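In what follows, structures are represented as structure tokens.
Presented sequentially are two complexes of chain A, the first with chain B as partner and the second with chain C.
Then we have the complex of A and B:
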């Protein structure tokens, strides 16, 4: 037995720390966001001071009666003073029993600090509890089903197209025919383009005054521009997204396939030729089986990325009629819209679970086949 | 209390250091979520250069960073920002964290010279009776705009300045039949929720929240689905700023925020007209949008800040903001005789809309605090589900109405105009 020292572990340590810090920690935080609710409860005080003993606890949005008030003043660094009010209030505590105590102005909404006789509790100390409310909210949202269905539909439509195209493209490059390097450059263009840019590009092709309509109208195929992107015609929008995604992300699959092809030894293919295998037979029985590990990597990568597709969908369809999981995540997170990071975190967790599940499935499916072949 | 992001603390530290440098030459810092685009910021700086009290440092910012900065300054007890300018919807968070001076006395002294719009002053109290969180700064709204070519298709006897929704639908139909394609556009990817909250619902029901699931609301959605939407350019789902499709000729008639229509009027004032939004059975719903000026407790120079606000509220400054930036005054006595052509066209429509006899001013949601965006999604959901997805109107209104009621209950928000004032949370009838 060879003795293994500490060195390999030390070498692994930086990447481990990196993973813990930038993947595991945020992931745990985001799961907490999804499953824990920040409740707030307000402690009433025996005196008009922060540090005074609590006399009772009331829930948010409780209406309380104001019995008395004191006005203090705080001197600010800019020389002004700021009035600080404390109110003696009475209201039902968390179990409904009436309690009395002092609260600071910042914890209640009150119409008039000097005159009002009622106030409403709006701030307090944070408490945390486990909850499935946010999960429920995601699942019952009417867009959730649409988003999931569209995401899956896109994967089903895009992935096979991409893989067939990528393999053909890789074979063209591999064939060493004259000018195949030119193809390499053409194929590589989308690699350098961000998904938002490619979404906008394809939008400008399909829009009412876009390239496609201009072409069709100027060649006389259409009298009026046809509106591809419209709610009543979701098929065209899906088609536009599929085209944009295939165009944008096929070359990454191709790169993986090319590197896989290079590992296929020429001897094996030549041996096939000697035994009289035609092109299709060589592809089916020699090249594809030997490509399997690269295809597996590409499949996992593409499926995970397909669940994250976002910018292309938003750029082409506006994200209001056709929606995908990542778009919903943003819709809930966006401060100008739902402003609810909790539900957004549930979506994020859901996408992660889907990705994990699918990767696991792919790994298992391929491995069990290998084991099966080994056993025979 | 919200936790302060670490980054915001770093920003504060940097600004504090920078602030001590700035403070030496007696300048004021004016942080604004409005005019944060480069061209607009330049114009705003030019206007502020006319302030004689001190040099004004105009800092354009997005809403999020401004809130983080003020919260962090509040916790530090010391700050760099003297005056903030922001939309009404930004203030609830500042109120909740108790960060702003009461400006009641300043307002009273300004009103000795200039009359400030009462409805906006009321909004600036954020639901309280005696605490002026902000002083109204300027207003905008949403109107219609049309290419002059569209006017020939107006239905017989229709006055473009006093349209009804029925007439708009007939107009859109006539345009589609004559030109072969739908010519009416809405910014569904943009500020469309304001259209629903401030125009569609109030025009048909007279309310916003209370009448959300009334038979009148159902009738409105039916009208949108059957009579109007078939003649609306289906690419509307992708429109954000309506000046673009107007200028490119994709649509002839559009609805949007005045600032988002402005480039069309700036560029080709001779081609476009602006006119008030249509009226429904209940009246002409319209939504004024107001931005306010406030002073945080942490302002290094509150006296300078008050002087600056006084300057911003003077009719001359208000006129300059209208002239250069296209936001409308909130004080009376502003000279509007010498406006650029495009601004004048829009100003006339804004005035006609606000002063229409059947006008129903419908305010931005009040009292929802950080959940202000949720009401927008509820209105959008109702529209999308009925008009775009063809779901059953009553079911949708029942479900979204329940979501709306939950939102009102959980935030405790009282009704706001056009709904009648309520004791306690606003109730969906």
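Then we have the complex of A and C:
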């Protein structure tokens, strides 16, 4: 290790700026998209002048009653003048309370400047304001509940299978069989496979003329192909997605568990063996407790990644009957469909909050469990 | 002299030779059965991983007629490149493949250039804030791309950077940068500092020592990290489909046309996207645990 200078900071600076630019800035932007709205409001004035003090704020399209009017003159660039009317109006402000004030003719629509007694506000200042409209739109969308339920269901189904399979894989690799490096590489192959490719792979198995039906029909188990992927067969569609995800994303858990196992000293496991612990006891009382930090990290990572599952769902089911949160984010954003980046940003923020919340919950759950065992 | 009599409980065990032998044989057999079952399990898992890849490959290398045939054969139908050719000749595929390659190479260059100095700093210097920076980098490596893509698309539109190949490459570089920094740092940390010291003693400047001694030793690891960036970018579809319209990358193009395409296109596309990942694992195999193993430190 070298002595401290400015050097390490200078070396790190470009990366930190880059990360800030691409992580922190979009987060602020996302908040803006999700919770802020461009609004237009008209300020009523105490006198018939632009610079007069405001008396209240009225929203666009508010109907107001005209109580009084004055005729003024406006100087045009060519030196001539033209009449400009100001109206004293009364109407509900943004919170519904009646207010009175002067408005210029260019801010209201009025049938007759000299005679009409009602007008409508049509102009105003653009302002940014906080709004829950987009959030409301997301929550009330009929697909939202569906997407949330499916996302959670997929996590509940996929994660336990993944962890069991990953631990089995890791134990197999650690049992000093010949060719274990070859097996490790084979097990690690899905690490580099995208969720889209994996979705297409499993689609080829589950589709009507796919491999599963080919197998079932040619072995005589079925007379004719069974259509797994169709609107009425949600269970099979979910099953196909679960298999595709377990197939693709177990590798990363496996790598984390294997490196965690390598840290568990063999002596400890062998000591367990010497004292007569069987495989289950060794697993339950020695290996799993020592793997806990690795498992915890893998759990957080996999949960966060699971909320982003998107292409698998689209590849296998088309993304209409079965939908997940990430898919909804895309549908709302897609210019060819809803074209509403604001609601998409709300979805994105919701995914973010869920990921954070669940990570926090895992950390808390594990810690309180540790405290409980220490107390006893 | 009377023979010593033992109560039943503590009768000395004097097993006969045959019984000992039988016991040993039984233990051996049990051991053999256990080994065999581990091998069977290992092979079964390998088949579970490899079978789907085999199936899609057998489809990609057949004729479109064979792809549509039912029931399909598990063994490949006569070898043919027709399905793959059909896929590659579909409008937009060659273009999007080129886009994908450009994006992936650009992302690789950006993230490597940024990560090498940063990784070196983390590996070689002890400075105030080092742990905080490390932790910060660790925590953004799992940052959901879904969350970033929407606001970035809006920002890119505003800045006139939307639908540009290099904008997407910058985004992909950002996504992989945290991982790359950590991998590069662990690679540098595994280069013995003594070598660098020796170079300094023999009159190298610090920069020369880095350039001539440390970098060549760390190069394979850095290359592995770069390949990781390449594959992540090649695979990434969510940001790609949000940030591009006319310059789609391959996965974005395939996903976008998925519901309008037939099975030959899908299967060939699936296989085509898979190929780099199969090569990838071969190149990074030594660094597997550098990449994902050190996650909890």
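Throughout what follows, the second predicted complex is superposed on the first by the 261 of 376 C-alpha atoms of A that agree within 3 Å, B and C clash if a C-alpha of one lies under 4 Å from a C-alpha of the other, contacts with A are read in each partner's own complex, and residues count from 1 in each chain.
Note that contacts are C-beta pairs under 8 Å (C-beta built on N, C-alpha and C of every residue); 3 or more make two chains touch, one makes a residue touch a chain.
Everything numeric in this text was worked out from a predicted model, so none of it was measured.
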First (chain B), second (chain C), both or neither touched by A:338: first
Contacts of A:259 with chain B and chain C, given as first, second, both or neither: second
Touched partner set for A:117, first chain B, second chain C, both or neither: neither
Partner chain in contact with A:207 - chain B first, chain C second, else both or neither: both
First (chain B), second (chain C), both or neither touched by A:318: both
Which of chain B and chain C A:127 touches, first, second, both or neither: neither
Which of chain B and chain C A:225 touches, first, second, both or neither: both
Which partner reaches more residues of chain A (counting touched residues only), chain B or chain C: C
Touched partner set for A:278, first chain B, second chain C, both or neither: neither
Touching partner for A:109 - first (chain B), second (chain C), both, neither: first
Intersection of chain A interface sets (partners chain B, chain C): 203, 207, 209, 225, 318, 335
Complex contacts: residues of chain A adjacent to chain C: 1-2, 4, 7-9, 11-12, 14-16, 18-19, 21-23, 25-27, 29-30, 32-33, 165, 168-169, 172-173, 175, 177, 180, 183-197, 200-205, 207, 209-211, 213-215, 217-218, 225, 247, 252, 255-256, 258-260, 262, 293-294, 296-298, 300-301, 304-305, 307-308, 310-311, 314-315, 318, 325-326, 329-330, 333, 335, 341, 344-345, 347-349, 351-352, 355
Residue numbers on chain A that touch chain B, as the complex places them: 61, 63, 76-80, 82-83, 105-106, 109-116, 120, 122-123, 126, 142-143, 203, 207-209, 223-225, 227, 229-233, 316-321, 331, 334-340
Residues on chain C engaged by chain A in the complex (per definition of touch): 35, 38-39, 41-42, 45-46, 48-50, 52-53, 55-56, 59, 68-74, 114-115, 117-118, 120-122, 124-128, 130, 133, 137, 140, 142-155, 170-171, 173-174, 177-178, 181, 193, 231, 234-238, 241-242, 245, 251, 254-255, 258-259, 263, 266-267, 269-270, 273-274, 276-278, 280-282, 285, 288-289, 291-296
Parts of chain B lying in touch with chain A, wherever the complex brings them together: 1, 63-64, 77-78, 96-98, 101-102, 127-131, 180-181, 188-189, 233-235, 237-240, 248-250, 297-302, 370-374, 376-377, 380-381, 384-385, 388, 399, 409-412, 424
